[in-house]
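Structures for review follow.
Each of the two complexes below includes subunit A, the first together with subunit B, the second together with subunit C.
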Partner chain A sequence: MKSLHLPPWLQATPFALVFALFLVLPLLLVGAVSFWQATDYELIPAFTGKNYVDVFAGCANTEELCVTLKTYLSTLKFCVLVWAITLVIGFLVAYFLAFHVQSTSMQTLLFVLCTVPFWTSNVIRMISWVPLLGRNGLVNQGLTGLGVVDSPVEWLLFSDFSVVLAFVHLYTMFMIVPIFNSMKRIDPALIEASRDSGATGWQTVWNVVVPLCRTGIVIGSIFVVTIVMGDFVTIGVMGGQQIASVGKVIQVQTSYLQFPMAAANAVILLATTLMMVWALTRVVDLRREL
Partner chain B sequence: MSDSSNKIDTTRRSLIKGAAAAGGAIAFPYVHAQEKITLRYLGTAVNQDKAIAEKFEADTGIRIQYIPVTTDDVTKRAVTAPNSFDLIDTEYFSLKKILPTGNLLGIDTKRIKNADKITPLFTKGEVGGKKVGDQGTAPKKVMYLETPTSKTFSAAPTQFMTLIPTVYNADTLGIRPDLIKRPVSSWAELLNPEFKGKAALLNIPSIGIMDAAMVVEAAGLYKYPDKGNMTKKEIDLTIKVLIEAKKNGQFRALWKDFNESVNLMASGEVVIQSMWSPAVTAVRTKGIACTFQPLKEGYRAWAAGFGVPKSVTGRKADAVYEFINWFLDGWAGAYLNRQGYYSAVLETAKAKMEPYEWAYWMEGKAAAKDIKSPNGDLLQKAGGVRDGGSYEERMGGIACWNAIMDENAYMVQKWNEFVAA
Partner chain C sequence: MSAPRRTPAFYGLAAVFALFVLFLYGPMVVIFVLSLQGPEGGLTFPMRGFSFHWFGKLWEGMGVVDIAAAFRRSVALGAVVMVLTVLLSLGAGLAFRRRLKGAGALFYTAVASLIMPSIVVSLGIGLQFRLVDTGLQALLTQWGLDGLLEGYGTAMGLYTSALGAHLTWTLPFGLLIMLAVFNRFSPAYEEAARDLGATPWQGFRHVVLPLVAPSLVGVGMFGFTLSWDEIARTSQAIGDVNTLPLELQGLTSTVTTPAIYALGTVTTLVSFVVMGATWALVTWLGRRR
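Here is the complex of A and B:
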């Protein structure tokens, strides 16, 4: 019987190959190209560090932040905001689903409801924000109609607010699922024990549920952070193309065939994001918890 | 009895077999010759009209498969994946990037029936006998090649063309006259604080910076020797003006996609912006007032054309030439003219248009009847006049052409700075 089992390394080989071919190899190529030179129409495989120098051009200036730092700061700001908001909302929704909804069929139904934002295409979804949040949109008509404001509120659309709103609307789902998953694995006896020991509802949540959901929270956070760091479509459309993001910079450069510059930017973005993910995994040892 | 029937049967079978084999042998090349050709047509969605492909297939039996991508991506594909299409529809300014790769083959004008009737705007840079502005990548500068495989442009006309022109137009600012309520006559209005938070600019760096340059010149801040080929200093200056305006909240949004510009204008988010002619038409078909406003400083022109990649040979190449010839033959030209574009060979298009249509679109005369788009939407009631007047007035007012600068990399970097500001 035992001889029928394949050795573990052989079992892992197919997936490892897929990874090597479609992830590791392209990444190595990106890394290599980031040190190449280029003209308007061809890549020249000759080593240069100029692309990285150009990315940080002007960053020695202490008076005004350089473009790259400004762009990263702006992207990071969205990252933190979206992460914090999706975490709170995601946790609440997951908590409700896991502990307050009794029947499994009801849980399933509500879960499907949470995926509604994904039923239409990204672009259509974002364009449809315009009639809602625009200068002559529903919200503004409502506000002026109620006499809350005299003239339409401008910051509802094409602003930091609308970008964060769209992100939260889209990506809260990525928080809900892993947190819900962790919550379902909490032994109900632990909650009972906490209540029997005289803990209030809040104390139970804070001292029992939250620590036991750490894995889910970290996994959800990794999803949200990596998506927001690399996004350029949502920021572009909801920010009226006026808000910079690292992804957008890379996209503009590739469309102008400046592949080495784009590759250098991509390498820096990847390093930044990996550091953030690494920091998150310091909080929880994912391998042990799963 | 049974014996003989068996015999007959075998003969019959073998006969059928033989006939089938013979028939097969005969039929095979016949079927092969009739195999439908499909041309993969790479271009931007704005130019890829379903009706044109359908009409061409009905006329010739050759199928057109559209590959719609953005302006920048057409260039990118032509440079990086020249085998992924059989026909390219690209703007003339992109040639500076595509041609040196050797991926395009010069088009033999001897095989193009109407080649000598292509408007002199392309061949000489003239409209109605008068020279027009040639700042930027004017088509006449990149029109000809010494040999089909040449990687540099020929200054003088030759037998080989880089692209056969398809559509072209002169772009200007689009406005909402119902919301602005006063005449607008200068590019400088784009940055007029009166329209704070209600202006928009095109976010395709190489074109957006030209619009910005028109504004800078109109405002009297600087006079460019060539807006289409700025020095680093000139780029700095232009971007500085843009950043200042952005920080003051001038722009409601920047747009990259044709539909975005329609949306911004139709919803009233924006009342003045850089715009394309069919976008203005699209806003109007919604019943919303929108003017493609002629301005005293002139127009920023663009032109697109068909190119043939080197990888296309044999029957496919013949089909490509057939398509180009068909395109210049009038039906497509009339179709484009009715959309507010201009066609490369005017005379064939005129033959396929009603006299009142020609008078409205090309001669700047008041519409004798209601003017309808090719889909049948009402564009202009009888009595109305086209924005910008006649062909000569519009195309004669060209100030500069879409371009790729020598300092392109630097310009893109600075543009990113503007977006990040």
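Here is the complex of A and C:
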């Protein structure tokens, strides 16, 4: 089966080169530099473990949590919240599309409706919450107008709440698409068989649909978890630059040219994220499912 | 499927879906409306008249930021990323159909790139180019090329580090789409072409390419729109000039006029134009077949 004169490895070379030059090599450098020394203006390629020691400075203290652990806990909190919310919404929306919308063209139309915002600017979608949630925003105008509260609610914007809201707003799409894709592949006969055997609607969903969507759920979860773990843009903009996250720590250290520290933090973040992904992939074999 | 059509579950789920769509589009619509504020208007309702005042302000530039230049840079970079994403993904997609050594490793590298925290990739590329700078400057000093040394800024830039950073984000999507397309692609078409005496190139040009063309348009759209909005991977891997989304991110904390909504409206319109063009092109290709 020869589609071109070119040998396959040559066809894939430009693609592979991009990843070698802009992914593999940079990551190796991050690993190496995390063990380097540095002064204020230059990097010194001499081995030291000090960067890692500094990251965990004070973590042996059992009385109070150190800064690094606090930051990870805060990031993990966002991770779990956003994962749970996007999973529930993503599953419900995908379920509605896959099993309750009858015509294929209507299904496609509604599916596209859900995915269009994904191709627009994330920052714009974040700041579009400002006129709604701000001190003089629509929500506060409504609440004070109705007499529910006397003074405007302050925690709506630039807070944990607005960060989670923005994450859900931006990334539920990553749950909907793979879960919908899995649901479309379920043989309708299986669902009929379940009903014929006397299962209630809820039993069918829980015992037939959910297990068969495992792949979609896992892929969606991987996307959401890795995005939230490394985020600094959403937490920065929606947290009013006041909330800490692991990604933000790395970004700040980089901007102060503290590369070895930033690299050490990046290695730890990467290890943490990869462990989470590994745990999730124990559930499915990704490549076979494409 | 013969599911009972209008059960209580249907209405419940339909309500959830409707609320979700409102949640997706509501805030966007609000800023489109607010970008048309009159000159006296502020960041929130009420509207004080309707005007294109803030679009004019936007074009004049916001403070020290030259929006028009950033806009042009982002369009140009997006176009380059789009073309490269289509070409490289197609090449890799074709290669994956045949016996390719290291196919598994390449596939997992691409997937890893997709789920790698962007800040880590960005930091790595930034470091890499800084080290290249240091190395080049040392070489220039050693060779006594002081004239060149003075003129040398950095190797980091729009079409070096930023382009590479964007490709690590767009190519995995391109590959996944191509793999999905070729998984469902029957080799019988090419075999028929070959049996009729077509050369491999003719078989590709006249049989495979027309069949995958709509998907390639889709890959191109992913390439452009993902590049157009990219922030995280570019943030540490760009030199002296910024792309539009990076400028925009900076402006969120400094600009307090509806001009920022006008900017939002303009960037969203560009995204919509690209999606519309994609849809039109795919439809046209489908009709021609």
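The rule is simple: the second predicted complex is superposed on the first by the 258 of 290 C-alpha atoms of A that agree within 3 Å, B and C clash if a C-alpha of one lies under 4 Å from a C-alpha of the other, contacts with A are read in each partner's own complex, and residues count from 1 in each chain.
The rule is simple: contacts are C-beta pairs under 8 Å (C-beta built on N, C-alpha and C of every residue); 3 or more make two chains touch, one makes a residue touch a chain.
As the structure is a computational prediction, the values presented were derived from the model and not from experiment.
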Partner chain(s) touched by A:Ile127 [first = subunit B, second = subunit C, both, neither]: both
Which of subunit B and subunit C A:Ala279 touches, first, second, both or neither: neither
Partner with the higher number of touched subunit A residues, subunit C or subunit B: C
Partner chain(s) touched by A:Ala271 [first = subunit B, second = subunit C, both, neither]: neither
First (subunit B), second (subunit C), both or neither touched by A:Leu113: second
Which superposed partner A:Glu154 touches (first subunit B, second subunit C, both, neither): first
First (subunit B), second (subunit C), both or neither touched by A:Tyr41: first
Partner chain(s) touched by A:Gln241 [first = subunit B, second = subunit C, both, neither]: both
Partner chain in contact with A:Asn136 - subunit B first, subunit C second, else both or neither: both
Partner chain in contact with A:Ala16 - subunit B first, subunit C second, else both or neither: second
Doubly contacted subunit A residues - partners subunit C and subunit B: 42, 127, 130-131, 134, 136-137, 236-237, 240-241, 254
In the complex with subunit B, residue positions of subunit A that touch it: 40-42, 54, 57, 67, 70-71, 74, 127, 130-131, 134-137, 154, 157-158, 236-237, 240-244, 248-249, 252-258, 261
Sites on subunit B touched by subunit A in the complex: 70, 72-73, 75-76, 79-80, 96-98, 100-101, 197, 200, 203, 205-206, 246, 251-256, 259-260, 263, 267-269, 404, 408-409, 412-413, 415-417, 419-421
Complex contacts: residues of subunit A adjacent to subunit C: 1-5, 8-9, 11-16, 18-19, 21-27, 29-30, 33, 42-43, 89, 92-93, 95-97, 99-100, 102, 110, 113-114, 116-117, 119-132, 134, 136-138, 141, 169, 172, 188, 191-192, 201, 222-223, 226, 229-233, 236-237, 240-241, 247, 250-251, 254, 259, 262-263, 266, 269-270, 273, 277, 286-287, 290
In the complex, subunit C residues that touch subunit A: 1-3, 5, 7, 9-10, 13-14, 16-17, 20-21, 23-28, 30-31, 34, 43-45, 87-89, 91-92, 94-102, 104, 106-107, 109-113, 115-121, 123-128, 130-131, 134, 164-165, 167-168, 171, 175-176, 179-180, 183, 187, 190-191, 200-201, 203-204, 208, 221, 225, 228-229, 231-232, 235-236, 245, 248-249, 252-253, 260-261, 263-264, 267-268, 271-272, 274-275
